[in-house]
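The structure follows.
We call the chains A, B, C, D, E and F, going by the order they appear; numbering starts again at 1 in every chain.
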Amino acid sequence: MTEPAISSFDVPALEALPVDLRERIEAVRAKTGFVPNVFLVLARRPDEFRAFFTYYDAVMLRQGGLTKAEKEMIVVATSAANQCPYCVIAHGALVRLFSKNPRLGDQIAVNYRQADLAPRQRLMLDAALKLAQAPQTFGADDVQALLAAGFSREDVWDIGAITALFALSNRLAHLSDMRPNDEFFTMGRESG
Amino acid sequence: MTEPAISSFDVPALEALPVDLRERIEAVRAKTGFVPNVFLVLARRPDEFRAFFTYYDAVMLRQGGLTKAEKEMIVVATSAANQCPYCVIAHGALVRLFSKNPRLGDQIAVNYRQADLAPRQRLMLDAALKLAQAPQTFGADDVQALLAAGFSREDVWDIGAITALFALSNRLAHLSDMRPNDEFFTMGRESG
Amino acid sequence: MTEPAISSFDVPALEALPVDLRERIEAVRAKTGFVPNVFLVLARRPDEFRAFFTYYDAVMLRQGGLTKAEKEMIVVATSAANQCPYCVIAHGALVRLFSKNPRLGDQIAVNYRQADLAPRQRLMLDAALKLAQAPQTFGADDVQALLAAGFSREDVWDIGAITALFALSNRLAHLSDMRPNDEFFTMGRESG
Amino acid sequence: MTEPAISSFDVPALEALPVDLRERIEAVRAKTGFVPNVFLVLARRPDEFRAFFTYYDAVMLRQGGLTKAEKEMIVVATSAANQCPYCVIAHGALVRLFSKNPRLGDQIAVNYRQADLAPRQRLMLDAALKLAQAPQTFGADDVQALLAAGFSREDVWDIGAITALFALSNRLAHLSDMRPNDEFFTMGRESG
Amino acid sequence: MTEPAISSFDVPALEALPVDLRERIEAVRAKTGFVPNVFLVLARRPDEFRAFFTYYDAVMLRQGGLTKAEKEMIVVATSAANQCPYCVIAHGALVRLFSKNPRLGDQIAVNYRQADLAPRQRLMLDAALKLAQAPQTFGADDVQALLAAGFSREDVWDIGAITALFALSNRLAHLSDMRPNDEFFTMGRESG
Amino acid sequence: MTEPAISSFDVPALEALPVDLRERIEAVRAKTGFVPNVFLVLARRPDEFRAFFTYYDAVMLRQGGLTKAEKEMIVVATSAANQCPYCVIAHGALVRLFSKNPRLGDQIAVNYRQADLAPRQRLMLDAALKLAQAPQTFGADDVQALLAAGFSREDVWDIGAITALFALSNRLAHLSDMRPNDEFFTMGRESG
C-alpha cells in the first residue's frame, strides 16, 4: 500500500532545497521527532516559505498577554470554521500539549461555545471567529468588549494577527490539499 | 479640522522605528510620492511588518504567468468580498494603473462577474473568490478548471497564494480600522 | 474597437420612442451632458419606463428630512450589497456631488460601516441594509431605533421607500446587464 | 375586541384622499368586494401610490407569453423567499383563482420545488428566485436557460420585471407591517 | 387523470402491513376521516414507523405547560424554515383547529414574526427557530430568556424536543417527497 | 475539583428510573464499560428515551447495504455540520472502531471532503449533508445520483433516515448541553 500524498502539488526533495530551508526543517525534526508536512509543502516556494515562517514566529512566539495554549485555541477555532484539516489536526495537538487538557483540542474543533474555557477565553474566540468569518463587521465594539474583559490593546492585536495569519494558512492548506501528519492525531491525548 | 486617524491603534512615529523599516518606508515615499498607510499601521510591530512585506514581495513581485494587473484583480475581487476599504481602494488604484483601464478597478470592486474581463480572468476570479469565501469547498475540480483554461500549476499556486495573503491582509486592515490614503481614490483615473 | 453593449437586451433607437420618453431623455441630456444608460435600457418598455421614473421622482425628489446626499447614500449602500454595477457607479457619483466629499461614494460602496458618516447616518444605513438583505426580520424595533435617533416617521418611510425602489432597480439592472456610462466613474472626484 | 391595525404607519381616511386615488380604490372595491389593504397603506403617499399601481399594471396586466397564473406564481415564490405575509397571502389567492388549483398557492408558498408545476414553470421560478435572492449572480447563463426552455426574450424580461417589482413590494410591506385582508385567506379554496 | 404519487418511494399496500401498523392507521382513519400520508409513507419501514409515532405521541401528546396550539405553532414555524410541504400544510391545519384561528397557520407559515401571537409565543418561536436553524449557537442564554418569560424548564425541554422531532420529520418528508393530503389544505378554515 | 455537569438539565438518579431504562443502561455499561451520557440525559423523559433508542436501533442496527462504519460516517459528518460535541466525539470513536482507521473520525469531523473515503462514500456524505443543511433543496436529482453510484433505494432511505435521526439527536444534545464522556475521546485511536 502506498502512502497518501501530502499535497496535490509536487513536494520538493529535501536535498534539493536551499540550505536555510533544510536547516529549519532539520531543526524541527530534531525537536519534534518528525517533519510537519507544512514545511515540506511550502518548501516548493522558498521565498514564501521564509516569509510564512518568519510571520509565524513573529506572531506565535511573541511574548505577550496570551498564553501559548490560548494562541493555539484561536488557531483551532478559526481553522475549524474554515474546515481546514491540517490546521485543526496539527494545532489541536498543540492545544492539548500546551493546555495539558487532552480533550480541549477536540472540544474547540467541534464547537468552541461548548468547550471547557474560561469566560475571557470564550470572548476571545467570539472576537476571533467574527474576524475570521465576517471581518467586514468587526469594529470598535468588538475591540471594546475585549478590553472590558481585561485584554490589553496588544492582546487584541495578537488575537487579530493570529486570526489573520491562519486565514492565510487555512487557504494555503486548502489550495494544496495539505495532509496532516499521522503523528498529530495522537499527540497529547494522554490525560493531564 | 483634524485629520481622521489612519488606524484605531496607535501609529508609531517614523523616527522611532527601526532603521530597516524607516528605509523601506522612505523608499516607498520616494517612489510613490506618499507613504501608503499600511506601512505606518503595521510598523507598530516591526517583526510582523518585516514578515508581511517579505511575503508581499514574494507573492506580488514574483515573475510568473499572471500579469501585474491580474494579480491586482485578485486582490480587489477578494478584498471586495471581505468589504475591506484599504485593500479595495489602494489596489483598485493599482488595477487601474497596471491595466491602463480607468474603470476596471471599480468594476471589479462592485461585481467582478460583470467587469470587462477576458474569460480566463473571470475564471481566475471565480477560483480566487471560492478560496476566499468557501475555502473548505475548494478542491481538485477547481484546480482542474484553471488548468483547463490554460493556467499552469504555478499560476494556480500564485492565484491561491495571493488570495491567501489578502485573506490575512483584509483581516489586519479590519482589525486596525486601516484607512486608505486619499491619494488612492484618484490615481489612474485618467483615461487609458 | 467597438463600444461595449449597454445591455444584454436590445436598446431601442431614440427616434423610435414615444415622444414623452424622448422628451424626458433629451431633458436629462441637456442637464447632465449625456444620457444615463438606465433611460435607454428601460425605454424598450415605455409603460415600465414611465412608471419607474415616476416612482423615482416621487421618492428621490420628495422634500423631507433626508438630504439629497443621504438619499444617495442609501442607494449606494444597498446597491453595493446587491453588487449592482450600474447603481453603485452612477449613484456613487451622486453621493460625491451632493456630499461634496470626493471619497464618500467609494467608502460607502466598499463598507458603509467604515465610511466617514455621522452616527445617525450609520444608523440609517443599518436599517436600510437590513430591509434590503433580510426584510423578513425588519420590524418595530428597527423603526424605534430610527425614531430614537431623531428621524421622523416620514423619514423612516423615505428610508424604506428608497431601499425598496432600489431593490427593484438593482434587479432590473442585473436582469438587463445594464452598463454604467463611463462619465459616472469620474464625476465629482475633484476634491470638495 | 378591536380590529388589528393594517399597518404600523398611519392610514389616511378614504375621504381625505385625492380624487384619483379614491376612484381607483372604489373601482377595486366594486370589482373585488373589498379594498385590499395595500391600497390603503400606500395611500399615505399619493405620488408613490400612483407610481406603484402604474408599475403594477404595466407589469402584471401586460399581454405576453406568461399566463396570469404564471405571473402570480412568480409573485408568490419570490415573496415567500422574503417571508412577506401580505404578498404571499394575497397573491396566493390569485394563484388559486387563476390556476383553478385550490392547492397551488400554498404549495408554492411553502416550497415551489415540490409544487405541481410544469417543468418550464419550475425553471421560470428557479430564475426568478435567483434574481430575487442572489441578483449579483444572475447572468447570461440564466437568460440562456430560459430561452432554451421556450421562453421568449420578452418573457424573460417579464419574469425579471415581476421579480423586481415584488422585491420592492415585499420591502414596502415589511416596512409598513402591512396586514393581509382576512378575505385573501379563503378566496379560491373551493376545489377546481 | 391519475392521482399524484404521495411519495417518490414505494408505498406498501395496507393489507400487507403488520397488524399493529394497520390498527394504528385504521384508528386514525376512524378519527380523522382519512389517512394522513405520513402513515402510509413511513409504513414501508415498520420498525421506524413504530419508533416515529411512539416519539410523536411522547412529545406531542404529553401534558405540560404548552397548549396543543402552541406545540403546533412550533411545528409549523420550524417546518416552514425547512420549507417542508407535508409538515407545514398538515400542521398548519392543526394550528387552525387548535387555536380556533383560521388565519394563524398561514401567518406562521409565512413569517411567525408578523403572526398574531402573544409575546411569550413569539419568544417561544424565536428559541425554536434558533435551535432548528443554528443549533450550534443555542445555549444557556436562550434557555434563560425562556425561563424569564415564564416558561418552566419542562416547557423548555418540550419546545426543544418538538423542534428536534420535526427536524427529523422534515428531513424524512424531503427524503421521500411526501405529499400532503388534499384534506389538510382546507381543514379549519371556517372562521372561529 | 468537581466533575463538570453532563447536562444543563437535571439528570435523574439511576435508581429512580423505570426498570426497563435501568436494564438498558446496565446492558450498555456491561458491554461498553461505561454509560454514555446520552442515556443519562435522555432518561429524564422515559417515554422519549424509549422512543429515541427504539428509533436508534431501527436505523443504526438494521441490516442493509451500508456498513456500520458508513452509518457512523453519516452521523459524524452531519453532526459536525451542526457542531454537536456529543455526537461528533462519541460517533467519531465509532467511526474509528468500525473502520479500523484511527484517523478517519477526525478527518470527517473536520472536513469530509478531504477525508480518506471511497468515491461512493464521498457521494453518500454529499447527499447526507445536503439533506442535513438544505433539506428543502434535496430532491429527485440527489436520489438519482446515489442510485447511479450503486446505492439501492433502501440504501438511500437509510442514508436519509440516519441523517434525519441525527438532525433530531444533535438538537437534543444542543438543547441539553450534553457532554461527551471522556472515554470517547481516546477510544479506537490505536492504529489499525
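Just so it is clear, contacts are C-beta pairs under 8 Å (C-beta built on N, C-alpha and C of every residue); 3 or more make two chains touch, one makes a residue touch a chain.
In this text, all values refer to a predicted model and were calculated from it rather than measured experimentally.
If you take chain E and chain F together, the chains in touch with both are A, D.
Fewest steps needed to get from chain A to chain D, stepping only to touching chains, is 2. Path length between chain B and chain D in the chain contact graph, taken as the least number of steps between touching chains: 1. Of all residue numbers seen at the chain A-chain B contact, over half occur in both copies; the interface is built from largely matching residues. Across the assembly, the mean Cα position most removed from that of chain D is the one of A.
In terms of their C-alpha centroids, the spacing between chain B and chain C amounts to 28 Å.
Separating the CA-averaged centres of chain C and chain F is a span of 51 Å.
Chain contacts: chain E has residues 83-84, 111, 113-114, 136, 139, 177 touching two or more partner chains. Every pair of chains in contact is given here: A-B, A-C, A-E, A-F, B-C, B-D, B-F, C-D, C-E, D-E, D-F, E-F. Those residues of chain A that touch chain B in the complex are listed here as 8-10, 44-45, 47-48, 50-52, 54-55, 57-59, 62, 82-84, 131-132, 135-136, 138-140, 143, 153, 156-157, 160-161, 163-165, 167-172, 174-177. Taken together, the chain A residues at the contact with chain C in this complex read 136-137, 139.
Residue ranges of chain D in contact with chain F, taken from their complex: 111, 113-114. Across the interface of their complex, chain C is touched by residues 4, 80, 83-85, 88-89, 102-103, 106-107, 109-111, 113-116, 177, 182, 185-186, 189 of chain B.
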